[in-house]
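Below you'll find a set of structures to go through.
Two complexes, one shared chain (chain A), two partners (chain B, chain C).
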Partner chain A sequence: MASNTVQMTFDRLVQLPGVTGAILIDGNGVPVRTNLPANVARIYADRMRPLVILARSMVQDLENGDELSYVRLRTRRQETMVATENEHTIILIQDNRVLDESWRSSVASRRASAL
Partner chain B sequence: MSAEVEELLKRFQSMKNVTGIVVVDNDGIPIKTTLDYTLTLHYAALMQTVREKARQVVLDLDATNEFTFLRLRTEQNEVMLCPQEDYFIMVIQSPCD
Partner chain C sequence: MFPDLPQKPPRTLRYVEKAFDLVKSKKHVRDVVILNESGHPVMSTMDREDAVQFSGPFQAIRGRLERGMSKIDPTDELLMLRIRTRTNEVLLVPDSKITLLVVQNAHDYFEK
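Moving on to the complex of A and B:
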């Protein structure tokens, strides 16, 4: 079973704006927790795994000692974030529009406070 | 590449934290780069593979969807990849948290 820290992180991430799906995966590639249907979660977990493995080996190839923090894959409709820590992986699926909106508003508020 | 894209690349270049920009065509040949040649070839070859894999992943999950952008965050670097019709643009920057 996943450690409490990872569980708490997962619970926090699910609250982010625009999150339409979240999956917590253990070291064996099995979805442990998710708010999506089990078969959908399984498909995402299986499909994202080779991409993350490839990205990780690429990063290590480019710079020794560097380590992959996360992958953000943006498509026309949604953005998928895959974060790997130790042997757990969290996949987050977010809606593009909500994500862009919250990014824009955070930039705007930063500018406002700079004035 | 159009003048529009050239202008965009210049803007990226002048941003703080940006350490490199590479434009690679669909055959994996770098067209334009701000890095040294060896490093450019290295990045181009590796990102070509990642790009194809990412495109496959997106199409597998939803055939009507389309891969538009990829961000790889590592401890020391951040690599962003934006695919276009005939080429893709890669921007490398150091993260500023």
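Moving on to the complex of A and C:
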């Protein structure tokens, strides 16, 4: 059941605007679902895993009781989101420009509805 | 602030002070720390000891991140790192010779 929920979440995330890649990783660090080539997914999984582990321990050091939700890295080319929940990790790679546009339109529509 | 912009202003003290005040005045922002090239806090809303202790782990995670990124795409460059917890959100922005650390309340802009 939990695994099905993760799969459904993954399917929804892949349809977000600007998503150029998505990887679902199980508790052993193995990519189980992805729309990227297998070797690319493996590289991302291997590189992002220590980052998440480090971020999680850092969060616990800085403030007891708090929990890591996700890590986002914005680079010149793309934005990578690494979300971790229970044992699964989802890596989402998004295009910067599309992401910025959807954020701007979201802000604009919020302002319009406030009037 | 982002390298995509056509002209980058030099990181003078005036620039640093202006950036500090600008970020600090934003809604939801609780703490701002600005580090120099060596990783020492030069400007902070926390007191010095707290700022030093706070920025240490972020330098470590940034180093880890940049090593990871160089494997994925050596030509790419980190612009911003965002670490979100249940209640807090921390942003790390490398900016030429300085690094900005911002702590703010977690807030989802896409909520309806």
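Heads up, the rule we're going with is that the second predicted complex is superposed on the first by the 113 of 115 C-alpha atoms of A that agree within 3 Å, B and C clash if a C-alpha of one lies under 4 Å from a C-alpha of the other, contacts with A are read in each partner's own complex, and residues count from 1 in each chain.
What we mean here is this: contacts are C-beta pairs under 8 Å (C-beta built on N, C-alpha and C of every residue); 3 or more make two chains touch, one makes a residue touch a chain.
Source: prediction; values computed, not measured.
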Chain A as common anchor, with chain B and chain C clashing or fitting: clash
First (chain B), second (chain C), both or neither touched by A:Val30: neither
Partner chain in contact with A:Arg74 - chain B first, chain C second, else both or neither: both
Chain B versus chain C as contact partner of A:Met8, first or second or both or neither: neither
First (chain B), second (chain C), both or neither touched by A:Pro50: both
Partner chain(s) touched by A:Ser106 [first = chain B, second = chain C, both, neither]: second
On chain A, the residue positions that both chain B and chain C contact, one per complex: 43-44, 47-48, 50-51, 54-55, 58-59, 61-63, 66-78
Chain A-touching residues of chain C, taken from the complex the two chains share: 3-4, 54, 57-58, 60-61, 64-65, 68-69, 71-73, 76-88, 106, 109-110
Complex interface listing, chain A residues touching chain C: 43-44, 47-48, 50-51, 54-55, 58-59, 61-63, 66-78, 103, 106-107
Chain A to chain B touching residues, read off their complex: 43-44, 47-48, 50-51, 54-55, 58-59, 61-63, 66-78
Complex contact set, residues of chain B against chain A: 42-43, 46-47, 49-50, 53-54, 57-58, 60-62, 65-77
